[in-house]
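Read the structure below first, then the notes.
The first chain written gets the first letter, and so on, giving A, B, C and D; residue counts start at 1 in each chain.
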């Protein structure tokens, strides 16, 4: 492990320094709502256990223009909205969300076609993670392949050592970012030991451990299982679980006219929990009720996605558990699946 | 990185009214940039996303054949985008992105007898396939070709001009049929799934291709199986709501397969192994 | 037309601005009232865009909100006087919707002068002209719509 | 009657109803997966009635679950739930003969957000809940909070704590205090200037991510196809433009006119903590002031927007 040591003031200085040269996004508290947003000063940063809205929306915005069109003399001109070729820093990303990006990467980069908007932004992004020392009851990252100190997806990982911080260098990209700053000390062996110690404690403190071995195979035979009919009953069909999820990436596209001769094509987040998501022009809907839509969400995360990309599409952040208006708990659903 | 969401600009060269109700039209398109058309290499059974700027996109099967030097789509007026398209006039510019999907497995069809069953509006990509097979460079690669095409009434038969030409050829058997007897109709009356019983031969070595409303597919497949077509030789093309067309937006999956990317053509054998969600 | 000429000669943008008012007029009374105002050559400013509806009861509050969102500076809905409705009580049912809508939009923060309702009969050409003039004057003092209008940019 | 005793009574009733087969299903609340949460539960097996609970954390409006179900259902209903049920019956969304209402006199439910802000973001690991006190434990803290101070705003000003319609009631009716200003949430905003109000709402609603939790938990948002989802024509774009968000909320609230019982379920469901009652309650107030109508109090009522009076207020008409 390589890293640099900062005291609290130096960290602010380091971030303010980053802000001078590039856009920095970090968790903030906006009238009680914690989310990631561009910051102009390190003092705006608000470290909660986890922000309500994940950092997903910085690289995969809720609403973005793909291109504009303009009609001129019977002709049409298209202009692609180019993602700015500028380095951005995502600061304070919890390891679970950083892993979420890895999962979205797979879906958006695989196959014959690539999602250029997301991927361009992703390429230009440096992720500075923040290790998660106090996982909550609702956290289950270790059950789905992650860790509260996971390095997957982060370039640098910040550890809070009480009096000071250790910024661990994880990737080349991360190393490059801090390489030029010589004034911060290299982490000493004792600091590294300390990180290892708190990492061990954090991992051991995970209260929720789910046994998900072979869940993919298990679900193979559960498409028609009566279980779905029981668990979907209380679901009200809103989009909270999918919109707050750091791994859900489904979207919709539509056009918006600006004037009669020009406009734009927009893409927005969409959710498999909405009936319109799969409603066909003919009026047929392959997923007509909450039962099918709930099944789709679970199947996608724990069977379809693993089949296609060899990973579970859930990072165990627990947002869907905490924010579900009717306390429909994914852990409970998973336990039911596993004991079926 | 190529931007897959950016449509190619095309000009509507010709609009053909296809049916009496006038809610189905064929649009012949020409790429504004002919180099782009050269890159737009498509197979029979693939689809493309048509863009009506300011309205949106919708996925439409390609109705022309790769052996043609143009691009045609037959579109039924159903929703927002298709209505806007129907309101277009020749000369207007629309966007096309694609081609997408797997298309009909031409290599597998070669040197086999082929039975094509079409129902109603879903005849478009079948027409592409038939045109391809009948093309002089391709015809001898395939075996017998039999097409049974059913609609509600005679006025709803698409591509009447093609049907007439095909009727004059002896290397294709075309059986247009309508659901109920109608004045002036001298052809067959009845559903394609009944007529196939009369014409099917050597089914174990032949392929059956079926496209139509879900109800027709549901009733026809068991009959085809009974006639002896092996499940892997029964092919169909699925409908699903789509947006991106490239397997990203997440809505058109059946199990872990995306209809837009891994389909829309699936064999009955594949469908048997997929969740019943289509 | 006179107004149009006068205004374009001035340079000041604010004074150049003319409000756009969308008017939903019931076919049986207010539309006929507007017609009468026309044939009687009663002058009123040309800022309204008339949409004829079968009855004021046909006006879905969504129409009004959509008009404002699309950039109408004001909306006028006009129907038959109570008791005169061609469909007996369409206007009275509508009156409740309008009262709630108007009060509610005001609560949200939309200027009260933007959304207007009136009863104008087929015989009230003069009243129609007056209502329209009043609405336009009122909206002029409010200026172009900002709240609720969707700013569309490419 | 203490809630603990109510729970026993409630289970007995549920058991009897299922045994007698007078209902096929009981919809109520059970302990949730989080220490301070309850969750809706669906019980058709007599053996499971002991899952049912009733306490100040039973925050969902269960009337939501009655629509589109064929079987006969016994439902636990607080004052506001019962009013929603009445409204749904009046609007022909539920058949009276298909519901058996087990009325729960209610002294209010807790607003989790108020409690959370008291805890400064600390997690609740254990909760003991009684009628007037909640004891919360977590990493390094142990807090006793009076229920009264943490009730949902809609409960503080509630005037209909007892279900107006029920087939059986659990325990005795509670006192319906007439002290507080019923529309206090609205009055605070009415005092602001028109521009301040607009700023307040745009600011508050700009947090909205259009997850539609507010719509989906509402028992009276029962449209087969919401105007948001209609696309022939498209009424509303689904962008994050503030105008689109405002229009969504304005029209949603407008559609609840004469239907909303001010149960506060939308506010409690919002994951972003938007104060939705500050808009929904205004409509309730307007309906009451203008047409002297309160939703869900009796089956014979005619929804205010389905009727009129000759002398309805019309000062606003030109």
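Definition applied: a residue touches a chain if its C-beta (ideal position, glycine included) is under 8 Å from a C-beta of that chain, and two chains touch if they have at least 3 such contacts.
Computed from a predicted structure; not experimentally measured.
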Touching subunit A and also subunit B, the following chains: D
Per-chain CA centroid nearest to the all-protein CA mean: A
Pair exhibiting more inter-chain C-beta contacts, B-D or C-D: C-D
Euclidean distance of C-alpha centroids - subunit B vs subunit D, Å: 50
Centre-to-centre distance between subunit D and subunit C (centres being mean Cα positions), rounded to whole Å: 37
Distance from subunit C to subunit A - Cα centre to Cα centre, in angstrom: 48
Where subunit B touches two or more other chains, by residue: 79
Touching two or more other chains - residue numbers and ranges from subunit D: 237, 241
For subunit C, residues that touch 2 or more chains besides their own: none
Touching pairs - complete list by chain label: A-B, A-C, A-D, B-D, C-D
List of subunit B residues in touch with subunit A within their complex: 1-7, 9, 51-58, 78-79, 82, 91-93, 95, 214, 239-241, 243-244, 246-256, 261, 275-278
Contact set on subunit C toward subunit D in their complex: 61-62, 65-66, 69, 82, 89, 92-93, 95-111, 116-119, 131, 134-135, 147-151
For the subunit A and subunit C complex, residues of the former touching the latter: 65, 68, 70, 256-259, 262-264
Complex contacts: residues of subunit B adjacent to subunit D: 79-80
Of subunit D, residues touching subunit C in the complex: 186, 189-190, 194-202, 227, 235, 237, 241, 243-244, 246-247, 250-251, 253-254, 257, 279, 282-283, 286-287, 290-291, 304-308, 310, 312-314, 316-318
